[in-house]
Each structure stands twice: as C-alpha cells, then as structure tokens.
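First subunit A sits with subunit B, and in the next complex the same chain sits with subunit C.
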Partner chain A sequence: MSAWQAFLRKHWMQRSWPAGKAFAWLVSLFGLAFAAQIFWLAGDQRQVLESSARLLNSTVPSTLEQFRLARNIEQLRLDGERVFSGRTPVARQQALFIVSLLSSHPAMLADRRTAALASEVETFLVQAAREGMSEQRYAEWDTLSNRLSLLADDFSIEGANLATDDLQLMATIMLHSQFKLALVLALVAVFLGGFLFLIHRHLIRPLQKMDKALNELRSGSALTPFSRASMAEIRAVEGAIGQLRDVMHENQKARQELHVLATTDSLTGMFNRRHFLALAEEEIKRAHRYARPICVGMADLDHFKDINDRYGHAVGDRVLQSISDLFGHTLRQSDWVSRYGGEEFAFMFTETTIEEAHRLAERLRQRTADNWIDLGDGSGLQMTLSLGLAEASKGSLEAALGRADAALYTAKKQGRNRVVIAGEATATPRKAVHESSDDLDLPVDER
Partner chain B sequence: MCFPAGSSGVCGRLGALCCAALVCAGSAVGLELRVAIARAPVLETPANTQAAPKPTALLADFNFALAREICRRLTAKCVYTYQPFAEIIPAIEDKRIELGFGNHLRTKAREAQVAFSGPLWYSSSRLLSTPAVAERFARQSASEVTLDTLRDVRVAVVSASQQHAYLRSVADTQRLQVLDLATARECIEALNAEQADFVLMYGLGAYLELDATLQPTPVFIGPGIIDHELGGSVHIVLARDDDALRRRVDLALDDMRRDGSYPRLWRRHFPVDLY
Partner chain C sequence: MAKTGIQACCFLLMALAGSVLAESGERVLRVAVLTNSPPMSYTDQTGKPAGFNVGVARALCAEMKVRCELSVIELADVVEAVAAGKFDFSAVSLLATPERQAKVLFSKPYYRSNSIWFAQAGVEPGAETARVAAVAGSAQYRYAKAQGWNVRTVDHHSEFPALLSEGRVNAVLIPMATSLSLRENPSIQPLGLETTVLQAPELSGDVCFSVDPKNPELRDRINAAFDQIKRDGRFDRLNTEYLPFRLQ
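This part shows the complex of A and B:
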C-alpha cells in the first residue's frame, strides 16, 4: 500500500462523518455548483435580452432607416430620370423640385457619401435643366444613375446586415445556452446519481445490515460482525446493536441458569420434584389422549440414613451423586427421573408397559446393587435400591404415584432391594428379572 | 327592464351597472383638447370633413388629418383652430391650447418653452433664389454659395421660425438684411418681386410653395442645411408640464407607425418620404 493510500485510509476512509454534516456539505456543494451554472446561464439570458432589446430599440429602427434611405435614393434616381424624360417643362421642373427636396433630406445629409452624391446629382440636374439635354448629358446621368442604384443597394444590404448580425449573435448565444443547459442537466444527473449512491452505500446498506443483525438477534443465531460505517450515527447504532447483542446473550445465559436452578436438583443434577410433576402431568395427559402405555415408579435407597449417620452427609451426598450418574447411564433417554426428596426418587417411563418398566426397574436395582461407590480414601460401599412401580395409563398422576409409593412401601416391607408392582401381591423374583433384563434396550453401563 | 316585487336587487344591480357604464363612457371621452394648426392664409376655419387640398395647403391639411387621427386614438374631444406659426408656442405656454401642429423643429430655445412629441418627420433648410441672382452670386463667389458665405444680401424668412431666429443672430455679422414675413408664400412672392435676394426656409415648405409654371422658377441654392438647428426632427408641441398627454400622444404616434396609418397619411399628401 502506497503512502498516499495509507494516508487516505487513515484520514478519510476510517473517519466517521456526522450524517447531517456530510449531507449538508453535499447539498451545499451541489447548491453552489448549481447556482454557478444558473448564474452562467443567467449571463447568457441577460445577453439575449440585451441583444433583443438592442434589436428592437436600435437595430430594427436603424435597419428601417437604412431601407428608407435606400428608397429615397432610388426615388432620387427615378425623379432624376423624370427630369430627363418629362414630357413638359413643368413636369421636368416639378421633378427637379422633388430632386432638390430629396437631396436636402436630413437623412441624406447625415451620410457623407449620400450627401455628396445627392448634391452632385442635384447640381448636375439643375445644370442640365438650365442648359438643355444632350446625349452626352444623358450618358453622364446614366453614370450618376448607376451610382445612385449601387448606393441604394449598399444601404439595403447594410440594413439587412445590421439585423442579421444581431440575430446571428442571439443565435450563437442561444446555442451556447443550449450547451450550458445540457451541462446543467448533466451536473444535476451526476449529483443525483452520486447522492443516491452515497445514500445507498452509507445509509441504506448499513440499515439493511442492521435489519439483518436484528433478525439474527431475534432468531438467536450468531451475529454477523459489522463493517465500519462511515456515518457516525450509523456507527453509533451499530455499536448499540452490538451492546444489545451482548446484553441479550448474558440475559439468555442467566435465564438458562435460572431455568436449571428451578428445574433440577443442585446435588444430583436430576429434575427436582416440582419440575418432574409438571412434566409428568403433561406426559400423562398426552398418554391418556392417545391411549399410550405409561408407567411411574418410586425408588428409595435402602438404609441411606445409616450411611449419613455412619459416614456423614458428605459421603451421603457422594452416594447420591453416584446413584444419579448410575441412573443417567442406565435409563433410556425417554425415561425421566427426579430426586423426589432425600434419598427418594421418582420415575416416569413413557411409551412403556408395566412389564417393560418392571424389567427396566429390575435392571436398575441390580446395577445399583452392583455399583461400587468409591469414597475417595481407598474405601467404598455398595447400596441397594427398593422400587415400586405403577401403571399410569389410567387415572391421575397423583394416584399413580400413590400406588407406586405404596408398592415401594411394600418392597421395603418385604425386605428391600427389590421391585414391587402396585397391585401385585409379591415382588418379582430377582433372578427372573436378571434373566429378562437383556431384552430391554438399555444404555451400556460404562463402569 | 325592472321587475316589480322581489326584484329590487336585480334592478339595483342593473342600475349600478348602467351607471358604471355611463361613468366609463364619460371618462373615455372626458379628455378635451384645443388643437392649433399652423395657418395657411388662404384657409378658413377647418371643416371636420376631408377637403380637397390645394397644393400650398397640403402641409396644413396633413397636420389637420394627423391631429384628427391622434384625437381619435386618444378618444379626446378636440377643438381645432388655425393659428399663425408664430402664435402657437406662446398659446401653448399660456395654456390656451394643448396641442400645436406647426412643424416645429426641436431646438434648445424651444425646449425651454414647450415639450415635444416624438419626431413626425425630418426637415432641413435651404436657400432659394431666382436663377439670375443665383448666377450672379455664383460668378461673384469663388466657391459654392452657402448660407455662411452670404454677405450684403436681402434674405426673406418666415417670422418666428428657426430660420428667422438664426438669420437674426448672424445678420449683423454677415451684413444681412432680414425680411421678416408672415408666411412662406409671402417669402416666395418677395423673391419673385425682387424684394429679396434669397429666401431661407425649410425644404418641404419651399417645395410646396414653389410653382413650376412660373418663369423664372426659383432655384435652390447650396446644399441642405441641418447645422445651427436649421434642420432635424419636426414635432408636435405641447405644454411642458403635461407629461401624461405627451406620453399618450407618443403612444398614438407609435401605434400609427406600427399599423401603417402614418405612412399612408403621409403618402396621401406628399410625393416623397421625409418621415
């Protein structure tokens, strides 16, 4: 990049311009150029007006005077002819009077050539009339007559030229004005084109980008970064949109955190009871509406109180976290589990019959029993889990959970570490459950 | 027509319109002008009809016709009188007349007395003499006989004319005897009667007064003269303080030139174009 390009980039392209000021400059520049053109045209117009006024007040009267003088010279010639050709002396004398009258006309006297020729003609004719006509005199008169005709022609031509000169001048000025007018129109077109280009480049296009950015904000997709706008106001709005994006991002993050806090148990990461109940209520309604199978379950860690009492609450928490991880690995994605309270858990098995739920619960119970919980000091322990299951395809969630809870109570009562289905008298034999658990589509135990 | 009942408004409006029309008509002919035309002695009070012109009365007839046309264009009620040339300017100054048609040249002295219309036509002055006198003076003078070279001669001139004023101004210097006569005709008669050696008068007037049948016929001496304010434009004279009338007269003259009525009027009276 050359030095002047760097200078231009630094001082011009990267500089922001207040829109009002920039447009005021542009409009002023256009106004000045336009006004200059108008003054330029006005000069031509003034010249045309002056020329037309001169034509009307001076040239045309002068032309008429020239024509009139030419006519008088021609009449002088004709009356000179009458001096020669008059049939009577009186007629010849009358013609001579008219010659004298014409030759003393002020217009004749005002022009030196005409005055001299008219005087010469009058003197010649007076002398000819006094001394008599002859062939020689007529030949001389013929010469004078020709001179008069030529002079009359000269004045006629000069008169016509006077008007022609002014008209040609006006035509030239009008032609120049036409070019200037075309130039003015071109200037207006260039300015308008430039103006529209600048508006598009520095106003419309940034606004379109801002609109796109706002749409991106609304849709939550990543915000396309802005290129630096030239207009200070546009740049400020772009900055505000960037700030809005940051604020919205932070708000969304906080909202997500709040949602997690409101719906999950902080220790285990499972759904909390309230959120579970809300979700389960909706799911049961859906299952009832479409007559789909659905089951609920209640589980309780056996002798968990003894763990707390013997090892302390930290170990109890560790046990709960370990059990939570185990549940996460063992249950299907469509199954829901929540920490219902203390060491008690609630389950919902969607699109699952009670037999399938039973096999799943048994698998869960077995893996819990097989799960070695590392306490971190080289020691560990194993826990067992009692579960109660209930069909929830009919009736309310509360009733289903109540039946599952009753089944859990029965499981506890029958000796713990077992699964009891509500409404059945005895718990499912542990071995049978083990044998049938392979039929379920369960996640692989990673331990 | 008025309607009896409930139509008083219509009647009132019609009456107002009639009154307005009458007022307008009255104002249109409200201008009254007294017009003086330079007198030819043979003429009586001019009639309002086109009389057959006598050769020597052509200029007066022209002026009369011109005055009537201007009055018509001004929608003025005009009263025409013939007056001697010498009385026209004093009559204008005394407000006894409003317009004077006397073929007045525009001079500085007259500009102090009266106002002038636009130019009517152009005039120059010329010397006239009998052929015998002209020949005699031509023999005596080495150069052409002109007004400036005249010495020890009798010159007839129309009283109160510009030619008269000039001759009086140079009479002593050039030892001229100035014959102060009332009309151009009297000047020509004085020339023919050998009471004057020369006549100095404006060209058109001389042309109109000369009689080609007379023998010997007077001849023009020297060139036409436009110096010493003896030639130039001829005007209607009017009061200096009546600028509105002057403007209206000028507009009427311009209109006559534009519509061709002035050239036609001139051509009806004179054989050559001097306007």
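This part shows the complex of A and C:
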C-alpha cells in the first residue's frame, strides 16, 4: 500500500499539469457524463412522446370505437323496445328492420359477445313479432334488454380503461425521468463543486501565495518558500518569482556594498569626509532648530609623518587602524568620527555641551597616549593626539569646523598632546580633566 | 427614356405581385358527390347536396383547411372520373375491391358496410323467380351480374320504389345505409318486403373515399383528417344526424 502511495506521489502528485490541458480534460469528462445523462433523459422523453402518440393515434380511436359499439348495442336495445312498443305496425316493422341491420352490422359481428347477443335478440324479436306479444315474452325481453345494457356498459368502461395503461406508463416514465433529472442536477453540482475546489486549490491559492510572496519581496522580509504547485503555469511563475527574489537580493547586497564604499574610509572603516560632512550638516541643522547643544572637533596624530618616514606606510596604516579602533571604543554611540584626511580626524558630539565634549576629548587624548600599538614583530609604539574643539550651536558647520581646526592648530602650537577649545587661549590642564573623566558617560562597549 | 424605364419597373412589380398572389391562393379541391343515395348523399330542399358523405367531405375539407367544390356525378362514373383525374377525390362510399384499387387510391376505411337483399316475401337471393334491381356501377350490381341473376339496371336509387311497387322487380340489392331510406319510403311499405343481409365477401367490408391516383399526398392528408374528425367527434355527430345507429 505504501509502495503504491509512493508510486502515486512520484508519478501523480509531483507531476505538473498544464492548466489549460487539465481543465480541458475535466471539461470534456464532464461534457461526456452530462451528454450521456441527457441521452438517458432523452430516452425517457422519447418514450413519453411515443406513448402520447400511441394514445392519440391508436388508443383514443380504439376507445371511440368501443363507445360506438356501446352506442349501437344501446340502439339495438332501443329498437328492440320499439318492436314491442311501436305505435303503428309500420313503426314496429321499421324497428325490427333496424334490429336486423344492427345485428348483421359488420362491427357488431366483429365482437363475439356482441354478435352472439345481437343474434339472440334478433331471433327473439323476429319470433315475437311473428307469434305475437305476451306478458311472458315481454318479461323475457326485459332480461335481454338488461343484458344489452350491461354489455353496452362493459364496452364503455373497457374503452375508457384503454387509456389507463398508456397513462400509467407515462406516469412511471415521468417519475423515472424526475429521478434522472435529479441525478443530472447532482452531477452538475458535483462537477461544479469539483471545478471550484480545483480552481481554488490549484489556481487561486497559488496565486494568493504569489501575491503574498511579492508583498514580502517588496517589504524586504524573508521569503517563505513555495510548496510545489501542480499547475505547470503556476510553477513557471513561482520559478520566476524565485529568480526575481534572488536577483533582488544580489542587487540589495551590491547596493549596500556600494553604500559602504561611498560613505566609509576603506582603511579605518570610519565615515569618510564627504559622508561625515553631509551627516554633520543635517545634525547641525537639527540642533539649531531645536536649540540643542552640539560641538565639533578636529584631531591630528602628532608626528605621524615621522612614523611613515621611519617605519613605512604599512606601519602608518596599522597605526591609523589602531587609533580608529580606540576611537570606536572610547566614543559614545551618539558621537560621530570620520577620517578627515591623512592622519586628521573630525568629530561631532551631538547633544553635548562644550564642557562635556572637552572631557570626552580629554579622555580620548589620554587613551591615545596610553595606547600601546603592537607592530606585530614584538615592537610597538605610542602616539599622542592633539584636539581642537568648537561650539557649533550657532553658525555654520564650516565655520565651526574652521574654529575647531584653528583650536587644533593652537594645540599643536602649544606643544601637542592636548585639547584646545576654540575661543579659549590655553589648553585645559591635562591632569584635572583626566581625573574628572570618570563622570563622563561610559562608552557603549564598556557599559 | 427614363419614363419608359420606370413604367417597365412598375409592370415588372405588378407582374411579380400578381404571381405571388396567385401562388398564395390555395387550390380549390374538386370533390365528386352523389345525389341519389339518401341518407348518404342527396339533394336537400334548397337544392344543395346533403347527406352523411357530403357532411364528411365538408368536415374533411375544413380540417385540411382547403376550399372544396362539390360536383354531382353518377355512381357508375365515379371510379373512372377519379382515375382520370377529373376530381381530386370522391365523397362516395366505395367498397375497396381489388379492381377499383387498381384504378384509384383509396382513403383509409371510414366505416364497414354490408349489403341488403330487400325482396317480396318468399323471394330468396338467387331464386329462379327473382328479378333484382341494382344501381349501375355498384358492387351489388356487379355481384348480382356475376351470380348470373336476372338483374334490372337502374341509375338512381330513387327508381327503386316505383319499380318495386309496380312489380317490375321483386327484389333490390343495395348497400346497408341506403336500405334505411328505402325502407322508410311510404310507397313500398304496403308491399311487406323482407330484408336479408347478404354476407358475401364481395358485398361487405371496408368502405372508403377514392382519391386521384396521381395524388398520394392528398390521400395521406385525407387520412389524417379522417383520424382527426373521428377523434374530435365531428364524424360521430354527422353519423347521428343522418343515420339511426353508428356506422363505425
């Protein structure tokens, strides 16, 4: 049984069917079944038509023949009565003549019962006419007359009953065809239901799934995989959607890579200058709009040119990477830093007063000075950092950066490894800042 | 030139209309009837054909929805005239004998008849003393001739009473239906005539109308009309009107 099921699954369930062909097959199957049933019904109709034609062309005429015979029997009785009761001899003779005509009427002779009784009546009446009437004869006539009436009744009733058989047959056929009609309707209902089910199962549901998949694709969420549809056309579209999904994924990845390339510095992974400036411009505008404190800073590694000259560019790069990591660890999540040029870095401290920025910059300077940069061959070196800070709550970004740069220049001039705030002539004492740095917000990765 | 063109067109149209009208006019059927065999066919007080057969013919024409023109004919000429196509059909009760069937088409039987030997007491059919009268062209006439009887030929049923009462014949051989009116004739009632029904196959059987042999389609229509008037009661009504019992 399970082998059979497996066979079915393999050769039937997993197979794809061209929808047009599959539905054409179903429709022709339905058409055949429907036509067969219609023929079945048509047979009944033909029978009814035959029956009614028989009723009209044969039964009704036979019934009328019976009625005519009954009428003649009754006429025979009436004229027999006149043989007894006619007012004149001529009338009685005439009555007897009609009796003899009737009793020899071919139609009367054709029926055995009628022929026998009519002949008996004629003989009796001829005899009565010849031998004279008596009470006893009249009593005998009464009996004969009664028999004639009964026979006439019999023929009338038989005639009326002739139609009964045909009518009963027709009623039976009609009853049968009612059942057959119900069956036809049931067949139509079953096929219609089946069609709707199949259309829903194999067309509508897969289409709904596709719609959902396309929506998912648009919203970018993970695509639920399709279950294999059985209609070939649906499968083709599902395959196309799958390919589209893959292409879109690749495109998105490429776009993300391009974005990274366009916005970051490849050596340090920091924002590049252009991207930093764009972001900072937006941020400054926002701070101005809501009157929030914001600061910018410029930093420069002291004597970096000497490192490059002494150890080579590879070591210079290593130093820059190390400093970049240090910045990442030291700064808060809301602080932005970019490689502004060579060994120069630009900062933006959002929602930060110049005092807080100062503490932060001081800590940065301190950690840079404390940082031991491993060069890989057992040796290492330490660098120092000069920083210039500027309040950016007013004025343009460019101006603020200019002021910070001027402050940096001052820091360099004052001997490097220090933080200078624009507008303040001297660098703040290193020691004090260092001690108070505990009050600052901790960097994200240290929380 | 244009005027003659228009005139030509008008003539053409009129000719077309005329031909269409002529086509649509139903052809009148020529029907042969007798006037001398009451109660089946006779001439009524107004001089028009009347009787059972005439009534049936009119009912058939009404059922077939055709106009019929009744023409009077002698019994002796009926078969030849219909065979020659002088009539479309004859409303004359004819026994469908083989020699007649060879000449004309017959409708389906509309009743069954037999023949009556109507004679003075003691004159039996075929007796030496019998002098029998029969209508020329009738089956009864041919039968009597074939039997070698002493036959007096007459053209009309109306001649019978005189022949009988004057003693020129002592018997007549006539169809069942005709015997009814002869029997009622006052002039022969004192004669005390007796009736014998002859059961010879040549003298009894199915009675039909005869139809133009070249028109079997008309025969079929007449048959269908017979079925219909027998079904819807017109036939039985005519029967009651002209005869004391059902002809069947």
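We adopt the following convention: the second predicted complex is superposed on the first by the 404 of 447 C-alpha atoms of A that agree within 3 Å, B and C clash if a C-alpha of one lies under 4 Å from a C-alpha of the other, contacts with A are read in each partner's own complex, and residues count from 1 in each chain.
In this text, a residue touches a chain if its C-beta (ideal position, glycine included) is under 8 Å from a C-beta of that chain, and two chains touch if they have at least 3 such contacts.
These numbers were taken from a predicted model, which means no experiment stands behind them.
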Q | Which superposed partner A:152 touches (first subunit B, second subunit C, both, neither) | A | neither
Q: State whether A:90 touches subunit B only (first), subunit C only (second), both chains, or neither.
A: both
Q.
Output check: A:126 vs subunit B and subunit C. Expected answer is one of first, second, both, neither. What do you get?
A. first
Q: Report for A:115: first if it touches subunit B alone, second if subunit C alone, otherwise both or neither.
A: first
Q: Applying the touch criterion given at the start, work out whether A:295 contacts subunit B, subunit C, both or neither, answering first, second, both or neither.
A: neither
Q: Classify the contacts of A:61 with the two partner chains as first (subunit B alone), second (subunit C alone), both, or neither.
A: second
Q) Which partner does A:75 contact after superposing on A: first (subunit B), second (subunit C), both, neither? A) both
Q.
Taking the stated contact definition, name every residue in subunit A that is touched by subunit B in one complex and by subunit C in the other, in rising order.
A. 68, 71-72, 75, 90, 93-94, 97-98, 100-102, 104-107
Q. Tell me, which parts of subunit B touch subunit A in their complex?
A. 122-124, 126, 131, 203-204, 206-207, 210, 212-213, 217, 219-220, 223-226, 231-232, 271-274
Q.
Could you list, by residue number, the parts of subunit C that touch subunit A in their complex?
A. 111-114, 116, 176, 179-180, 183-184, 189, 195, 197, 199, 204-205, 227, 230-231, 236, 244-246, 248
Q: Flag every residue of subunit A that touches subunit C in the complex, lowest number first.
A: 56-57, 60-61, 64-65, 68-69, 71-72, 75-76, 79, 90, 93-94, 97-98, 100-102, 104-107
Q. Which bits of subunit A are touching subunit B when the two form their complex?
A. 68, 71-72, 75, 90-91, 93-94, 97-98, 100-110, 115, 119, 122, 126, 130
